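By letter and in written order, the chains are A, B, C and D; residue numbering begins at 1 in each of them.
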Amino acid sequence: MEQEERHLHEECGVFGVCSSKKQDVASLTYYGLFALQHRGQESAGIVVNDEGVFSSCCDVGLVSEVFPPQRLHALGQGNIAVGHVRYATTGSDHKRNVQPIVINHFKGRMALAHNGNLTNSMPLRHQLEERGSIFHTTTDSEVIAYLIVQERLRQPSIEAAVSAAMDRLEGAYSLVISSPAKLIAARDPMGFRPLCLGQREDGGIVFASESCALDAVGAKLVRDLLPGEIVVADAQGVRTDTSHCGRTAPHLCVFELIYFARPDSVIQGCSVSRARERAGAFLAQEHPVEADVVIGVPDSGLDAALGYARASGIPYAIGFTKNRYVGRTFIAPTQAMREEGVDLKLNPVREVVEGKRVVLIDDSIVRGTTCRRTIAMLRRAGAKEIHMRVSAPPFVAPCYYGTDIDSGDNLIANHHTVEEIAEIIGVDSLGYLSLEHTRALVGREMGFCTACFGGGYPTSIPQSGEKDRFEYKIPRKPQ
Amino acid sequence: MEQEERHLHEECGVFGVCSSKKQDVASLTYYGLFALQHRGQESAGIVVNDEGVFSSCCDVGLVSEVFPPQRLHALGQGNIAVGHVRYATTGSDHKRNVQPIVINHFKGRMALAHNGNLTNSMPLRHQLEERGSIFHTTTDSEVIAYLIVQERLRQPSIEAAVSAAMDRLEGAYSLVISSPAKLIAARDPMGFRPLCLGQREDGGIVFASESCALDAVGAKLVRDLLPGEIVVADAQGVRTDTSHCGRTAPHLCVFELIYFARPDSVIQGCSVSRARERAGAFLAQEHPVEADVVIGVPDSGLDAALGYARASGIPYAIGFTKNRYVGRTFIAPTQAMREEGVDLKLNPVREVVEGKRVVLIDDSIVRGTTCRRTIAMLRRAGAKEIHMRVSAPPFVAPCYYGTDIDSGDNLIANHHTVEEIAEIIGVDSLGYLSLEHTRALVGREMGFCTACFGGGYPTSIPQSGEKDRFEYKIPRKPQ
Amino acid sequence: MEQEERHLHEECGVFGVCSSKKQDVASLTYYGLFALQHRGQESAGIVVNDEGVFSSCCDVGLVSEVFPPQRLHALGQGNIAVGHVRYATTGSDHKRNVQPIVINHFKGRMALAHNGNLTNSMPLRHQLEERGSIFHTTTDSEVIAYLIVQERLRQPSIEAAVSAAMDRLEGAYSLVISSPAKLIAARDPMGFRPLCLGQREDGGIVFASESCALDAVGAKLVRDLLPGEIVVADAQGVRTDTSHCGRTAPHLCVFELIYFARPDSVIQGCSVSRARERAGAFLAQEHPVEADVVIGVPDSGLDAALGYARASGIPYAIGFTKNRYVGRTFIAPTQAMREEGVDLKLNPVREVVEGKRVVLIDDSIVRGTTCRRTIAMLRRAGAKEIHMRVSAPPFVAPCYYGTDIDSGDNLIANHHTVEEIAEIIGVDSLGYLSLEHTRALVGREMGFCTACFGGGYPTSIPQSGEKDRFEYKIPRKPQ
Amino acid sequence: MEQEERHLHEECGVFGVCSSKKQDVASLTYYGLFALQHRGQESAGIVVNDEGVFSSCCDVGLVSEVFPPQRLHALGQGNIAVGHVRYATTGSDHKRNVQPIVINHFKGRMALAHNGNLTNSMPLRHQLEERGSIFHTTTDSEVIAYLIVQERLRQPSIEAAVSAAMDRLEGAYSLVISSPAKLIAARDPMGFRPLCLGQREDGGIVFASESCALDAVGAKLVRDLLPGEIVVADAQGVRTDTSHCGRTAPHLCVFELIYFARPDSVIQGCSVSRARERAGAFLAQEHPVEADVVIGVPDSGLDAALGYARASGIPYAIGFTKNRYVGRTFIAPTQAMREEGVDLKLNPVREVVEGKRVVLIDDSIVRGTTCRRTIAMLRRAGAKEIHMRVSAPPFVAPCYYGTDIDSGDNLIANHHTVEEIAEIIGVDSLGYLSLEHTRALVGREMGFCTACFGGGYPTSIPQSGEKDRFEYKIPRKPQ
């Protein structure tokens, strides 16, 4: 994965737990969010629900920064908790957008954590505003909360309100919601973002974006939520509403398997680690090459590299040492330093690549700049040939479903052929995984969203610019 | 003023500035809030409006803590800014209630800062909730924002919407509001809390809770807003709406003069310093005594002490040294240490009181505990007689208009006669200012709220407990 | 006292406590240092000695900042503690100079806190260096520690070593030292800096720079140490060594009485508050004027103002409100803002000065810039005439005994007559206290150091520049 | 490597740079220390020498925490810089021991950074103390500094003084020292700790504990310093003194290769990565087993696992996902949580191990507790058999040369046979690398220290307890 200039970001991770007995659900959520930290590193939040009394703490920072022991402890015990990690929007207002959002409405409090992106949030927001609604944030989550609360006026239960609200939502959403007495999880009918259900030995129900968060709280993975499913957990047990399921084909974001998710997570019954190895094996099949060693760009390229090595018979090696101390406060080298070859995050192991023909596996090329630097580093370390293999197809279109793969202008594959890219980044050969093989990553027939790879948008998409209505200056009247 | 066990807290200070030219309004607001810091020390916030684009920063802490230089600088330049200092509610949720609140609605953004307390916020909140509104905070400010936004649907301008909303609000409110293009100040028809209008040499309009904040930004005090007045400042100039004025008698909180406001502020044309001296003079008249020296409890008792001294002819002296380094992070002495006579905030000047008959002036007695300790300290320092004079009547009733003078149970004067209190706190004599003289503090006829002194509530008051609806646990259904 | 541009700084405050029973001596020292905070606001340190095991914490910041509860608690209990507050030197190295210094030597550990300034530290340092000594700091304290340790090689006890070291020290030093089993206080033979002895009810012995720190720990002032005296406290009781006493006339820094010390402290049997009032009375006698009101610049000018008022019969008033929230992180107004009249620390009370002939009392004028601004502020507030009276003579010479009254170049009185200064700062008349009256401040014959007022240096003084040997660049050899 | 209960810690990393032109040597040192962060995570320090004027900043924390941009920037430019990372001693005094130490002596300033541990520091310290020396820290570094300064009295140059001091030092030391005009590196005659020399394209000379720090500043590895070598860099170039070389056999700590060093470092001409692979291959030879997959405990077990896989023909796999967000402020799970199987740092990839016979490679077993938990985790994830192979011999003796492998009592291998350990930690078989193979890790004859594996101490060792002289309470005299 490219670094620094252009990282791809999953926008969020969600977590929820519901226990029949009052306990330290804050700590469970802390551990769960900690395991989901790779899905969002800019802000974190936990809301504890103790029989209808909500305590919350949300702030900018990593989970470990937002929650020093005394702040975690201050959340107290409860039956239900909801947590969230996210990439915050930038600017001085970014604190306003931390999640879970906690609101008061006529039925009490509600906490809501959201992973994904609506494609019709602006029209929905306008409709709400025209009726006098006010918004504190610029998040889709607040729009969703409004719809649920307004449906609740007419519906007999919170889950019925969620179901009715879902009739009005378009796009990607994996939600975890706490009402005073219930924990509710819901996934959009296309299932863009993952969301799974687990159970702890004490019977506690857990919802999480990825199964690695279940492991982190000692819960067993029961199953993924179906696209469109609503699951309710409360003192009476677990109930499911599948009325929105099956109306449309599933469209799981395939980049979850390729990059976003942790290798130890299992999504739709498929080990992420295994899917990546499979990608490597497909690459070996599609783009074979004579070489001495296969190395992966850590961490997300390692499994695919191993897959390539196994399928090709070329030895696998550990080609880079990654500095584990790169944090958010780290001072990056200047441009001048970088040109001298300084890369503090990644350093090639000279022994492994010197004088060798190297197959280098990464999961994507966005702009190509980081990639080019990594390759230059390998050359300086003595690599004789570099054959780059990318475990995904080229990015050619922006994502509207909760990642920041943005405007086509920034995507190198939109302006250049594969041969041109190979020359730009300085490799001897370059091969991308085909769209067909990408769709086969889980080893069985399954519906994926491949919009960013040119596979087409499964929904209508937002009109350009409509999202930033309040970020532009208004014209001032003449004085 | 009593300390530690029971401080009386003003709940907020508000500030706003509107300039015809874009400038560093963030710094002006910083200076203004800094001068209003005594009105609220738990959180601070500034919103800068740059032609409709709002940047904000609000957090828990003193003004100087919330705004290190880089954060203040990050707010950028603008034409309008709104600021707020407040006492945050306690608990893990307190960050949600920082102000100014900033919301998006169908006409753009709005920032709102509020000082005071509504007496009908719960019924208003219920009405809004029943129509599907959601609340992010438990503040009255959000209720007010809702009403304004909903009136805006029907009204031709933001100021008309404010005016219409005021028809529905009861209680105390001094508001400063920024719409995309206007700065609006409004004061409730009874004028419980102060709010004044100033002008800078460059023509910029400033609103502030107290005139000391005008001094802090180089602005001249123009006048106080009338009770019920709405003033609008924008690129076209300053306009006023007095349609809510004069419908009811004014009820300025008299404790603003006695304690809350800074001595260098001028409220309703009266110098706070002068009002306090007058209180001291009245006390000398009501409760004369033979003594050697008059001293005041710093800082709010000093002016009254000087007034007592002048009126009585007894020499004034500076009887205490106050430690200026007591901050929020200070470790207070243990109970055991206190009983040994350790008081780190205040130390008597032995030279001044030793062997003397002392008149001690303070502005209030709440529970009596701090007071008793201060007096014990004076005894240890050798005071022969102590005659306490309080520059206000006894507290006997809670305040619903924006201060935390709470339930009668905690008020010593509700359970004891003046003679009993004198004995409890250990003085040779005790005298309170009469309600009549209290009403005469500004030196002319004027309407005050004296509810906390038993003067009666000028509005209906909230039903007990209704405010904490979401703070109590809900009964869980049997499983 | 002038502010911002040119504050006069006392360099340090020292504190020590010795208890026969193990107790929370860290907290006692915290309270003591807190009361001495005015003597040094840049760094603070506490060393706890628990039967020879020393725990220490010293850092840059106010006492309340350096010691959050967990850090204070971590120091544990002990029999002896030593504390220090100071003005740190600037630059990135300043952390190295925090005190008390704690060292290991052949007899165990030693902690040492020092207030004052040696005049022969450079020659002493050179002698030590020439024998191979290394220095971690640039403080005099380390030089003193070295001398004591080296004398200890020859002397039978730590107190004998202190006594022998004193034979070699010149200049100002008030020391508090802990050896493994003893607490020792020593004062230079001229007694430049104050140092007093107190006793707690539990028998614990306390040493402190000022008696206000005794009050803060519930100790009674026993007496000041004699100039040249060494007092030892340990489990056997208190012993004194007066062998260095009386060899020379005492030279207490008179500016301790005028400005540095807290009004509630008693130095050499004289209340600081009373000395200042006396200064005001002398001023009234030396420089009478017809006026309507006497005001003091807070806080150090208030007592003198009261003294002037009493002696002259002109009414005393409280002319300024001081903002109590000015801390170290405060963002000061820009020069442009200041010229608009913004002063966030001090605001005149218009009511008090408007249309009046004002006598303004301050304790010093250094450069004159702050003074001029304060006076401009009074003019803007409507003062008709301003007659400034300074409760000390003009500064004309640098101090080498532990304050930062530095090179004559920065002192306005070195370049201008009183009349010129009056014109520069913008007052109608100006009068300084005479040197004769300054020497009479305690109301009886007593030896003072008045070197900064031109009274002559009682010791030889350091050669210029010798102190900064390691701060200047060395010439590089040609390559 | 075992985690949490018992981590093995390298005690320090050192870095120095000397440039002929003044430049941002602080940033170079920052990058170098960042690459050496794995050698010490408790404190960090940088000293910049600008023609004899030293600026320094040393504090507790990671490099990125100690040096926010403004602090790094404040160090300014210079010709020479010295840096250090370390494990601080615990307790409130730990700040005193941060490095590099900076001292003043008769020839100017000196900064010194030290990696290693003297075995005769106590006798040396006693000798110094007996001559009246004082110590501010409890580090060996200060003893070394003293010896150098005292030799400097007799020697013509700083390098000659270092050389003379080395005659008196015993044990492990890799030093980087800055005098006003020179940068000096020195390595003890046995070469316990690594130290290498590099050069930047601009000619700048760099010294570092490991070559990965050279890569981080764009420098090429020239060579390792010889055991006993002193290298001097200054404006005149680079000079070497090998007079201490070859007096004794080299004794490089073999655990540097096995665990401490980064895989991308090259030590004594051997790639650390390659040495670890070789360890894995030796293990496959010594302890073969039938299995389905070979996995390594990240990160230090991965290379050895790959070596085992290659040599045995059993497939290599990535068996664990490591959470990259575990930092110093992380809240670890409670014991109860751990027993539920919660391990937030490491999670097995179920797909990889389920139903498999697993060879698990780690680099050491200390107490066995962490190990046991990791194995239980693998069992829960479905591993059918677990065969543990350790890429080093068992620990049986404490280390006195700069790591914290301590008293034999805590070492499981001291109390149990290999079979017993296998049963305790729950594996089906267990094999350690033999001492013979350990000595062959670099692929050629070379002298190693293998004392901790029972290979015997190459020097005399310190007497027990002598180090903590000042940490024990002294007996108090009867009162």
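Operating definition for what follows: a residue touches a chain if its C-beta (ideal position, glycine included) is under 8 Å from a C-beta of that chain, and two chains touch if they have at least 3 such contacts.
This one's a predicted model, so the numbers in the text were calculated from it and none came from an experiment.
Return the chains shared as contacts by chain A and chain C, ordered by label.
Common contact partners of chain A and chain C, which must touch each of the two, are B, D.
Using CA atom averages as chain centres, what separation in Å is found between chain A and chain B?
The mean C-alpha positions of chain A and chain B differ by 47 Å.
Measuring centre to centre with CA averages, how many angstrom lie between chain A and chain D?
Each chain's C-alpha centroid was found; their separation is 37 Å.
Can you work out the whole-Å distance between the CA centroids of chain B and chain D?
59
For chain D, what residues touch not just one other chain but two or more?
Counting only residues that touch two or more other chains, chain D contributes none.
Looking at the whole structure, which two-chain pairs count as touching?
Applying the touch criterion to every chain pair yields A-B, A-D, B-C, C-D.
Could you list, by residue number, the parts of chain A that touch chain B in their complex?
Contacts found on chain A: 20, 50-57, 59, 71, 74-75, 91-93, 95-96, 101-106, 108-110, 126, 129-136, 138, 142, 145-146, 149-150, 152-153, 180-181, 235-236, 470-474, 476-477, 479.
Tell me, which parts of chain C touch chain B in their complex?
27, 30-31, 34-35, 37-38, 41, 62-65, 67-69, 72, 200-201, 212, 215-218, 262-264, 266, 271, 273-274, 299, 302-303, 306, 310, 315-318, 320-321, 323-327, 329-331, 333-334, 337, 340-342, 344, 347-352
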